[in-house]
Structures are given as C-alpha cells and as structure tokens.
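Given below, in the form of structure tokens, are the structures.
You will see chain A twice below: alongside chain B first, and alongside chain C after that.
Take a look at the complex of A and B:
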C-alpha cells in the first residue's frame, strides 16, 4: 500500500462556490484506479459528484483530467501515474455541472447529427468462430462518446462553433462505410470553416483517445477526400 | 437546466484565447507543434511591419539607409536575425508538414515529422549563425 495525496476539484453552484480543491490522503494498492479512489472517498463524503458506469473503459462516462491529462478514471491506474500527488479535475471545454461532472449536451449536439450507425461491417472478425448460441460476432464502432478529444483540442478551447474531433471522426466513418447514410449531406456538413478545415492538426484528440479512434487521422482522411473530390471536378 | 446556464468557474481554465493556445503543459508533441506554429506566425507578422519600417528609410535617401544598415550590423541585431531565420525555417517546414498531413500523408508519423522539422530548424539556424557572424 502506498499513501497518495488526492487534490480533487470541487464546485457546486451556490453551495461550493467559488470552487476549491479538497485534499485527501489515501492508501492505494497496485490494483486501484482513480475511479476506485473516488468511490472510496465518496463513502465518507457523499456530496462528491462524478459520473461512471462500466468500470472497464467501455462506456466512456468517467472522462476527467488526472494530473492535467484527459483519461478515463476507471482505467487510470493510480500508482502507474508515478506520482504521490494526484490532481483530479473535470474535463475542459464543456459546461461544468458539479465537481467532476460536465454537461455532455454540447458534445451530443454536434455528434448526433452525423447519425453514425453503431454497428460497423468493415471489421467482422472473420477468423472468429462464434458458438451456436452467439450466432455471429459483430464489431461495434470504437468511439465511446467520452468527450476526451473535445477536452484536449486547442481549437475547441477557443471556438465553440467548431464541429470538433468526435463528430468529424464519426462523419469520416460514414464516408468510409456509409451503410445507407447520405454521404453528400455528411460531406456538406463538414466541408466548411467550422468543419474539417478548422482543425489545426495538433493531434491532441488522437493522443488522448482511449479507444484508438484516432480522430486526428480521420479529419485528415476527410480533407484528403474533399480535396480529391474538388480536383476531380476541375478536370 | 440548459447547458448554456452552467458557468465554468475560474481559475480552472485560462481566460484568454492566447493563453489557451499556449497551454502546452502535459500535452503531446502535436500541441507543441501547434503552439510553436502559432507563435512563429505571430512573430512573422510583427516582423513584416518591422521590415516595412526598415525599408521606409530607402525613401529618405542613401545616407539614411546606410545608417540603418550600419545599425543592423550590431551583434545583438545579428543575433535577432539568426532568431528570425529559425522562426522562418520552423514556420515554413512545419507548414509543409501540415500540408502533407492535410493530404493524409504521414499523419501517423506526425511526431517524427515534427522532430525532423526541429532538427532541420536548429541545423539551418546554426549554419546561418556561423555565416552571419563571420
């Protein structure tokens, strides 16, 4: 067991206002994640607010800043951080609701219009042999809709109108594999100053993405697609 | 409650846009490349006006221009000019890196490309420094 000091951002409109950092010393073992620590702390302080669900990095709800970097708290091992002082803060570039919880409303307002189908056909695990009960394996889209990419993006930080990496990556997936979607309409949605051309290629979205969606590369794919479309129309 | 009604408290985020552009601590190589590109871009715009100011002496006769050239030969200004070379080389080469990325070329190698840009910038700036101080 190692003693680690946790500095946790606290803010509740009208209650803990102005915001502050609460400091806790807690013994952690090598298995514990940041989310485990938050749950342990919540036993003594039930006003501590954070969002979580699956505990294994597949629901994308526990995104937060740990030592200034966007991570999913459930898979962020505390001792692997390599420091005995850990700062936990809510994601950037999103309206703050309470403590470590941000509103995902702006994220979904941009993400939902792309209407990316949830199940992808391009990677269907051909080598897998499912049991009779399962029938066939299905590969779901990789994006967890956690919002870490929007928090890390320096363009989202200064331009709220920017469509953002998650929605653009979803749009690129539709272009790559339409599955009945209206590709020209999607391309029209992203081919403007607040779409894929607004990206400044900082690639921070890909740096923090917990599921290797690589939104930065997907944005570049959209650009290449649009450039080649425009060139084809010239000749 | 609508999202717009929630207010982000300070001092969690830097207030001004320029502070957000240059908030690179804990960020990856790409964020540094972005911040440096923006910084060198701003410096080049400022330099453009300085350049016009220097050229303006041409309209004031040969003697005025000669005086300005003599002033520019001071070691401090030569050092600043070496800095200018570094700024131009970085911005130009990183601009090429960004163009390649926009064409979906070498996107996954963007970190290697960034370090190549840095090495070339340092190398060319050193050559420029040697030539300009001799």
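Take a look at the complex of A and C:
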C-alpha cells in the first residue's frame, strides 16, 4: 500500500462557485484505478459527482483529466502514474455540470447526425484465422464516445462550431464501411470549413484516444478521399 | 384528470425498462438515480445477451425468461447486439458428464441449439482449447451493457419521462401506511426537496433493501458480487462457455477489441463496499485459459466487481451460486401492508424488459388503469438520443 494525495476539482453551480480543490490522502494498492479511488471517497462524501458505468474502458463515461491529461479513470492505474500527488479535473471543452461531470449533449449533437452504426464487421482474431467458409462475424465500433478527443483538441478549444475529431472519425468509418448509410450526405457534412478542413493536424486526439480509433489519421483519410473524388470529377 | 405519477428509484436496466413501459401506458414517470445512469450494477455486467443456455439445467425458470426476452430484444433494439451466437464447449470428462443433461435442458426450455463437430468448433474459433470434446451452438449474443438501457431511457425520455441523475433518495414520504413520495438530495445544487407520487417503485437493484428499509419493510435480496477481468485481444468472436454447471471463470465474451472473462461469486451485506479480491483475478485467468489458452498471457485492461441483486433465501446464501437468476416483484401492500410501494429486484439485463412488463402490470392495476403493455413491439430510439434532450 502506498499513500497518495488526491486533489479533486469540486464545483456545484451557485454553491461551490468558484470551484475549489479538495485534498484527500488515501492508501492505494497496485490494482487500484483512479475510478476505484473516487468510489472509495464517495462512501464518505455522497456529494462527490462523477460519471462512470462499465469500469473497464468500454462505455466511455468516466473521461476526466488526471494530472492534466485526458484519460478514462477506470483504466488509469494510480501507481502507474508515478506521482504521489494526483490531480483530478473534469474534461475541457464541454459544459461543466458538477465536480467531475460535464454535459455530453454538445458532443452527441455533433456526433449523432453522422449516424455511425454501432455494429461493424469484425476483423480477424489476434492469433489464428477462422476458416474461409465461416460466415462473417460482427463487433462493436471501437469509438467509445467518451469525448477525450474533443477535450484534447486545440481547435475545439477555440472554435465551438468545429465538428471535432469524434464526429469526423465516425464519418470516416461510414465512408469505409457504409452499412446502409448515406455516404454522399456524410461527405457533404464534413466537406466544409468547420468540417475536416478545420483540423490543424495537432494529433492530440489520437494521442489521448483510449481505444485506438486514431481520429487524427481518420480526418486525413477523409481529406484524401474528398481530394481524390474531386480530382476524378475534373477529368 | 391528470396522468398518475410514478417515481422510480434507480436508473439501472430495470428502472430504464420500467420507465419505458409505464410512459407507453400513459403514466407520468420520474426516475431518481443517485449517480450517473447505469452506474450501479447494470453498466458492469458482462454484456451477455443470454440465450438461457447457461441456466438450462439448474435454473429453468430463468432460462425460459432469457430465451423469450432474447428474441424480443432482437426485434425492439436492432443494431445493438453482436449476434455471433454462443458456443458451449466440453473440455474435461466432467464437462462431458453434463452433456446429456445440458441438451435435455435446452429442449425443455425451448432454446434452439445445434451440436457441431469439434473440428468445426476449432475452425470457427481457432483460439479455442484444442482439447475440446463437444460443442453446442446457441443463440447467445453480446450487448454493450450501458447502451441497451440507454435506448430504453432515451425512448422513455422522448415519451415524457423525467430522468433525474445525481439525485439521491434520503427518505420515503409516508402518510400513515401509504408511501406518497420521496425526499431527495440533489448532489448538483445541494438542495433537498420532495417529489410527490401516486406510487413509488423501488428498482434500486443491489441497493433495494436499503430503499425498502425506508418504508420499514424488508426485501429478501442478496447482493452477490462477482469479479470480471477484461484482457486485451479479441480472442473469440462467439461467446464461449464451459458446458457445466455455472461456476467461476467459465465464460469469455468478446467485447470490441477486448475479451471479458467472468465471473466469481460471493455475497456481501453492503453493495457499496466491494473489495477487489486479487485471488479472484488470478482465478479468472486460470479458468479462462481452460477455454482459450492464449488469454493466460494476454495483458489485463481492467478488473472490476459488480454486485448482482439476487433473490436471496432468508436463511442466508454463501456464494450466491445457489440463488436463482429470476426476478421478483413485491407488492408491499399484499406483503407488508404498506400501500403505494412496489419493489422489483433480481433478474438480469437480458430480462429487464420482461421484469418491467410484470411490474408495470402490477403498477397500472394499482393505479386503476387498464392499458396493455406495448414494449414487445415498440422499436427503441438509438442510445445517442438519451443525451440529446434539446433535439
């Protein structure tokens, strides 16, 4: 067990306003995640609010800043952070609701119109390959809709109209694997000054993505797709 | 006359499905949930869309509920499930001894199945233990533990339900022996206020006995946690199960690019105090490797515990394995002479819609309404609609 000091961002509109940081000392073992620590703290302080659901990096609800970096708290091992003082704050570039909770409404208002289906074709297993005659399998899309990429994106920080990395990556997935979606309409949605052309290629989104969606490269994929489309129409 | 108002305590799978059912029947619904929706047990389950095969021998009531609901969910939540089926495999002689009883159970519970050769099983799942002696395919599927209930919540919200998160019930408001509402603490505004109700439904899952105690009654619910381990690598595409009585570490579910091994089972008094048992993590790895040897060396993404709300025997369970996975609706008027208060507990994510139907039948009768259930047919909104309240 190692003693770690947690500095936790607290905010309640009109009550803890301006925000403050509460400090807790807690004994941590090698298994514990930042989310496990929050769960322990909440037993003694029921007013501590944060989002969480699956506890294994699959639902995408517990995105927050840990020592200033966007992570999913449930898969952020505390001792692996390598600091005995850990700061926990809400995601950036989203409306603050309470403590570590931000509103996901703006995220989904940009993301949902892409209408990326949840289910995609499965790729091959890491070892071995099912034989050819086996029918295709499906799996969930990799994007967890966690919002870490929007929090890390320097363009989103200054331009609220920008579609942002998550929606653009979803659009690229639809272009790659349409599954019945309207590809020309999706391309029209992203082919403008607030769409894929707004990206500055800072690649912060890909850096923080917890599930290797790599939105930065997906945005570049969209641009190449649009350019090659336009070139084709020139001739 | 205005619509009757029902307050549902708990924003998990049960509360979500119940809110959907009641709003379709013309009831005004408010859900109060102390944290984020699905932050209790719901979000932490495996993600198994049960065919019922897991319970086909020992717990046939649950098995029948599962296959029935499995088929309904495919219709009302299209696009939500990975429908890759499940494979029950015998690895040891002990597993083989279970084979005939297993097939008989599948027949009794009307669960469709197909026995496939071990050669075909290994072709389809190349990472499966080559010692496999028998393989039976069933209509298991996988779901995203949060996104299915979000579809119920989204649809309920669209039909007028109010969902209050970070809103904790501190007291049930009583007038003599009648529950007339709830007192809540809003953890965002730090205000305490009362919500009146014609009826209160306790859908707090593993916390339901705590809520029942506020009305001075008790529900025989036993919180029974299990440990689950997610490892990197999608080692199988079908749900792999050991063909034996359900035990520790006998199921591996593919989930996105991960594989989830589950579970262990024990019992606790307080579902808020779930200590992570390190030896259970080791057990998941060891037993999981019996199904898929490669998981032994797969790096761990996360280990976590979730408290199942099982209908407990009053005499006290020890591991939780002996308890049925079925659900129970308690009308506290019949049971305890407390009016306007109903508890729904037990069950599973796969059966949440059916649990809601049974409970809503009780609720509308008590409210003097005569409206039939429509949740077998109504197709749910996408999960993203839950967050888009202004649209």
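What we mean here is this: the second predicted complex is superposed on the first by the 220 of 235 C-alpha atoms of A that agree within 3 Å, B and C clash if a C-alpha of one lies under 4 Å from a C-alpha of the other, contacts with A are read in each partner's own complex, and residues count from 1 in each chain.
As a convention for this text, contacts are C-beta pairs under 8 Å (C-beta built on N, C-alpha and C of every residue); 3 or more make two chains touch, one makes a residue touch a chain.
Because the structure is a prediction, the values reported are computed rather than measured.
In the superposition on chain A, contact of A:204 is made with chain B only, not with chain C. Of the two partner chains placed around the shared chain by superposition, chain B is the only one that A:69 touches, whereas chain C remains out of contact. Touching more residues of chain A than its counterpart among chain B and chain C is C.
Contacts of A:137 after superposition on the shared chain: chain C is touched, whereas chain B is not. Of the two partner chains, chain C is the only one that A:14 touches; chain B does not reach it.
When the shared chain is aligned, chain B comes close enough to touch A:95, but chain C does not. Legend: residue contacts after superposition of the two complexes on their common chain; A:105 is shown touching both chain B and chain C. Touch criterion not met for A:231: it reaches neither chain B nor chain C. Residues 13, 97, 105 of chain A lie at the contact with chain B in one complex and at the contact with chain C in the other. Residue ranges of chain A in contact with chain B, taken from their complex: 9, 11, 13, 17-19, 67-69, 89-90, 92, 95-97, 103, 105-106, 152, 154, 157-158, 200-204, 206-207, 214, 216-217, 220-221, 223-224, 227. Interface of chain B with chain A (complex): residues 2-4, 6-10, 12-13, 17, 20-21, 23, 25-31, 33-35, 37, 98, 101-104, 107-108, 110.
Considering their complex, residues 34-39, 42-44, 47, 79-84, 123-127, 144-147, 166, 168, 185, 187-190, 228, 230, 233-238, 254-258, 260, 272-273, 276, 278, 281, 294, 301-304, 306, 382-385, 387-391 of chain C touch chain A. Across the complex, chain C is touched by residues 12-15, 31-33, 36, 43, 46-59, 61, 74-75, 97-98, 101, 104-105, 107-109, 111-112, 117-119, 122, 125-131, 133-134, 137-142, 145, 211-212 of chain A.
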